[in-house]
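Chain nomenclature is as follows: A, B, C, D, E and F, assigned in order of appearance, with residue numbering initiated at 1 for each chain independently.
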Amino acid sequence: MYAANLTMEIEQLLMQSLQLLGLGMGAVFVILLLLIAIISLVSKIVPEEVATPSAIVAPRVDNSHIAAISVALHQHRKNR
Amino acid sequence: MYAANLTMEIEQLLMQSLQLLGLGMGAVFVILLLLIAIISLVSKIVPEEVATPSAIVAPRVDNSHIAAISVALHQHRKNR
Amino acid sequence: MYAANLTMEIEQLLMQSLQLLGLGMGAVFVILLLLIAIISLVSKIVPEEVATPSAIVAPRVDNSHIAAISVALHQHRKNR
Amino acid sequence: MEQGLLQLWASTGLYNFTFGQLAMIAVGGGLIFLAINKGFEPLLLIPIGFGGILANIPIAGIAGPDGLLGILYSAGIETGVFPLLIFMGVGAMTDFGPLLARPSLMILGAAAQFGIFFTLFGAIAMNLVPGIEFSMADAAAIAIIGGADGPTAIYVGSRLAPDLLGAIAVAAYSYMALVPIIQPPIMKLLTTEEERQTRMTQLRKVSKLEKILFPLILLIVTILLLPSATPLVGMLCFGNLLKESGVVDRLSNTAQNELINIVTIFLGLSVGSKLAADKFLSAETLGILLLGMVAFSIGTAAGLVMGKIMYRLSGKTINPLIGAAGVSAVPMAARVANKIGLQANPQNFLLMHAMGPNVAGVIGSAVAAGVLLAIVG
Amino acid sequence: MEQGLLQLWASTGLYNFTFGQLAMIAVGGGLIFLAINKGFEPLLLIPIGFGGILANIPIAGIAGPDGLLGILYSAGIETGVFPLLIFMGVGAMTDFGPLLARPSLMILGAAAQFGIFFTLFGAIAMNLVPGIEFSMADAAAIAIIGGADGPTAIYVGSRLAPDLLGAIAVAAYSYMALVPIIQPPIMKLLTTEEERQTRMTQLRKVSKLEKILFPLILLIVTILLLPSATPLVGMLCFGNLLKESGVVDRLSNTAQNELINIVTIFLGLSVGSKLAADKFLSAETLGILLLGMVAFSIGTAAGLVMGKIMYRLSGKTINPLIGAAGVSAVPMAARVANKIGLQANPQNFLLMHAMGPNVAGVIGSAVAAGVLLAIVG
Amino acid sequence: MEQGLLQLWASTGLYNFTFGQLAMIAVGGGLIFLAINKGFEPLLLIPIGFGGILANIPIAGIAGPDGLLGILYSAGIETGVFPLLIFMGVGAMTDFGPLLARPSLMILGAAAQFGIFFTLFGAIAMNLVPGIEFSMADAAAIAIIGGADGPTAIYVGSRLAPDLLGAIAVAAYSYMALVPIIQPPIMKLLTTEEERQTRMTQLRKVSKLEKILFPLILLIVTILLLPSATPLVGMLCFGNLLKESGVVDRLSNTAQNELINIVTIFLGLSVGSKLAADKFLSAETLGILLLGMVAFSIGTAAGLVMGKIMYRLSGKTINPLIGAAGVSAVPMAARVANKIGLQANPQNFLLMHAMGPNVAGVIGSAVAAGVLLAIVG
């Protein structure tokens, strides 16, 4: 391939990367702006710092099932 | 395949699953009953809550070899 | 194969393993002696128990980047 | 630029979504909601639900052969490695003491497996419904939901009916979470007030040696009678031996903590990858959900009936409520028995008594799984 | 004996070394030195450096298809599993609270991604230098260094330009470690003393529910608009949901501790296996190091410029310094913003304010990675 | 029904057992008994013993290519990954301080490797016994038992003689556990009371920098002279560098705790899968057990003889007992030296002095493994 061709090819690639710059920054901004909009909306809907249901449910549930356990074991485990 | 055939096939499968019901519950009961028998026997043979050998051996052995260690290291590890 | 041949083969293998004995013990001694020499040299060069740079750098760096964290999280983690 | 924009637009989710995928993402979200908000088995349903969402994203191919979920699935579920490692961890967590203290109660854990085999029958019968077609292998995989044991269900499901695995796992864990709702009415229906008030004598202390011997005995019996159950039972026994031997605490601790946690994450995501729209959104899934409910109910009832028999035979010293714990669903079912017992008699603490049938139920359903794998598999 | 000695001699490193291998072992040692002595991202650079040494040992073939590093590489990097698991752990470690408290600052995390796409352009332009040949895929993989996020760089690098992965990872982590040196001059150049003195009002408290919803919202938006980014974003969200749901702490703890540690060791060693002499010692590597530096600088500058715009628009209530944190490099860049802010005004604590753009930068570069993978990949 | 019963009966263990399988299950049980009851290296022998039981269950195929043990074996032992990760953990656990404080004692760790090469000779000579046939590779794999280092033995065994791996691993770990019984008589036989009473001066303090440099120096020397040993030595050094660098404690902790525990479980089970009846129940196994004993004894003796030489050369300031610790079997052999020293002189604390030769023995046997792999492999 001749140098001229090479440069042409690079020019093409440069055009392409310029496109990517536009598309990429566009996508990044569109997505983050959309996120900002949704989060702002949500923060207005969500009641402020009411204890959420999960906070209440949590201690009862975590660890509960994954296996057959009797309470004694837990103490044993803590001693490791 | 005709509906009649289909039903016949299902009937066959139903017979088979009835068999499985018998075999399966039979196997479950045989195995668990055998376990009950053996465990009951063992519990009579095993001396009650004498400190078992393993309990004595344990603290000396655990952790002992898996690798080259000098005592100093253990302290270090506890601090993590 | 005749018994005579078998014994000859074993003799060959024995010769080979005698060689390996020499080569192996040679390699082990050469490498460990070289290590002794280098370590002894290094121990003379290295200043004795000056706080090494790493000791100073450590607390600041460890854990620092692997992910996005805010301080609050660390406390949370300790409670597990 | 225009071409690039079109290419980018053609690669958006908006452009590529099918209705089924949207529906399945909603299902995944629903599972996560139930797990967080209602406390439905969150350790499994959050990873499964999230895996279901990821699996239904168009283009990304996360559940495909080169995607993360696809890779995890073929490495850990297709091979059976994940459920077996979970079973090892379960073994390392399980205290068989209550079972050893009163071995006769194991019979309750046997009776409750009736739910499995009755459901097998029901699944085959469901073929009469147009649009539903369950082979014998499918039916067996569905029936195991009645074992009320997650890893067993996933192990059998992945071996006998991988296409139904998503629905089977979701049904198994959902109903395990629903045990406090499903079981009480059946318990009250089948027992009298007097029966429920029965107090049980305290369990004897079990010696260390008995606890060490138990996993070995269990393994030997299973080897002799039902080798096809030994992958599951063997890993359960191995984990339990690590725990009870007392000389390898570092291995036992790892098996019941970090290792089981890692595998739980991977297993949940992999199972979720089977929540693909084309497999899940079908009449079969509805059938599976229905059959799962039947399986749990029948299992509970069978355990209770056996409990009532033992109540009589023992001269009213065994509370039949603990029979319901025989379905497994450890330790939820034992807690439910305890709770209903307390309602009948505030001095009536059944928890430890129910733990025996409860863990016996795990063994029972592993044995049942062995039978299904040996004959149907 | 003589033959044996010759065989042994012919199998020594002394006999077999090439100059390139020696040079690369020195490079590996250099990375380890920087990590230990200068505190350069030691969690990654020690394993990478050590992997680089092991990969360049003659005869042993540790980075070959049957060697440990080769096996780890094909199991975890070629498949993308390791960086995705790291991202899950990152998610489980990340508190998106500061971002949620003031979402508008996310725009700073968007602006800083300009460094990525400008560098893409630069990498293509570098083809004009004789001896350097970067394809579009190469250029995209190099550009992602500007994302200032290690696992993202490794994920994209392994997909688009595996041969350049060693250099890309080394550049990414080195510049992340150099953030306290690279950023301050740019920050002082582009901002006025008055701007740097700007104090910001305290962040509002974010409710638990918002924190739980955030990973789901982020995932849904990404699914709708850019599915090709969902493997990365999805695992980040999954990890974060484990943490924020509050009901699966044992999974969250494992994801952010043991699991991420294990994967970090494996990932570092595997990436190091790409420090083979024939790939690394080339003009391309110099180009990559140069471009990486450009990427970081341009990203920082773009974040700062956006910061200055927001400073104006907000009536001087937003300190433009936090724009520099938009490049990611969590939490180093946020700390640098805080430090420069304190220099201008000793009462000026910017750390928490900078954490929002900082973690937004992680999302931004994952999105940018999705675009590159969708169009170039 | 009858057919089903027959099918079920034909699938029982009772129907399918061979005598060899029963014997091997007894062997597995015996290993577990020794581990729990006698404290024989339980961390390895419980998993190996249990794996041996699982591998000999008829029909189940747990050690087959699709069974759990078979999968673990091919993923971790065939590839060498498991022993190398164990070696990394060993490195992260090892304090080379005592060795660095008095490097000349490393020579004791060299001398004790004589046990390896003498056994090689013995294994070949055993071919004269009818019914035993050891190739050079077999002999080398057996000889490495004399290295008294588990992961090294498994690594070499899996590379050179996978069929003998079960017996080799069992012998290696059993004799390591028997060190307190095997070594004392040899120690008393070869040393005089006066020699055993020798007290040694306290070790100097080793600086942090020396400890950081040591793994790098060790690696470089090995690279230059014996690259074939670098997989083993390299991972040992990597683990040790994680520990000593002080900047990646989270990785070091994981390497020496959860990761090594997980791999130990998998490695033990996989090695156990090689306890298949047809391979293990043979004259070769008896030969291996005999040779292993010889290897330990000769290694101990060689270490002691070198100890006596150093005792003379050092003007009676080096206690020859610490020479026995040169065989490795860390830290058991060092403890035995300490105990015998205390018997001779109640003020004679040799533990720390014996740790130097002890860890030098690990390096020595890794080097010996490298020679065997380079020439025989």
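Throughout what follows, a residue touches a chain if its C-beta (ideal position, glycine included) is under 8 Å from a C-beta of that chain, and two chains touch if they have at least 3 such contacts.
Given the structure is predicted, the values throughout are model-derived calculations rather than measurements.
**Student:** Taking CA centroids for every chain, report which one is farthest away from chain C.
**Tutor:** Following the centroid criterion, the farthest chain would be D.
**Student:** Between A-D and B-D, name the chain pair that shares the greater number of C-beta pairs in contact.
**Tutor:** Result: the pair with more contacts is B-D.
**Student:** Between chain C and chain F, what is the gap in Å from one C-alpha centre to the other?
**Tutor:** 16
**Student:** Which whole number of Å gives the spacing of the CA centres of chain C and chain D?
**Tutor:** The computed centroid separation for chain C versus chain D comes out at 46 Å.
**Student:** Round to the nearest whole Å and give the separation of the Cα centres of chain B and chain C.
**Tutor:** Computed value for the inter-centroid distance: 41 Å.
**Student:** On chain B, where are the residues touching two or more other chains?
**Tutor:** Within chain B, the residues that touch at least two other chains are 20, 23, 27, 54, 57-58, 61-63.
**Student:** For chain D, which residues are shared contacts with two or more other chains?
**Tutor:** 4, 8, 36, 39, 42-43, 212, 225-226, 245-250, 253, 257-258, 264, 371, 375
**Student:** Chain pairs in touch?
**Tutor:** Every pair of chains in contact is listed here: A-D, A-E, B-D, B-F, C-E, C-F, D-E, D-F, E-F.
**Student:** Which positions of chain E touch chain C when the two form their complex?
**Tutor:** 1, 4-5, 8, 36-39, 41-44, 86, 89-90, 93-95, 97-98, 150, 176-177, 249-250, 253, 256-257, 260, 264, 329-332, 352, 355, 358-359, 362
**Student:** Of all residues in chain F, which touch chain E in the complex?
**Tutor:** Interface residues on chain F, with respect to chain E: 79-81, 84, 88, 212, 216, 219, 223-228, 230-231, 234-235, 238, 241-242, 245-248, 250-251, 253-255, 258-259, 371, 374-375.
**Student:** With touch defined as at the start, can you tell me which chain B residues reach chain F in the complex?
**Tutor:** 19-20, 22-23, 27, 53-54, 57-58, 60-73, 77, 80
**Student:** What part of chain B is in contact with chain D in the complex they form?
**Tutor:** 7, 10, 13-14, 16-18, 20-21, 23-25, 27-36, 38-40, 42-43, 46-52, 54-55, 57-58, 61-63
**Student:** Note which residues of chain E are touching chain F in the complex, please.
**Tutor:** 4, 7-8, 11-14, 16, 25, 29, 32, 35-36, 39, 42-43, 46-47, 50, 53-54, 57-60, 62, 66-68, 71-72, 257-258, 261-262, 264-265, 269
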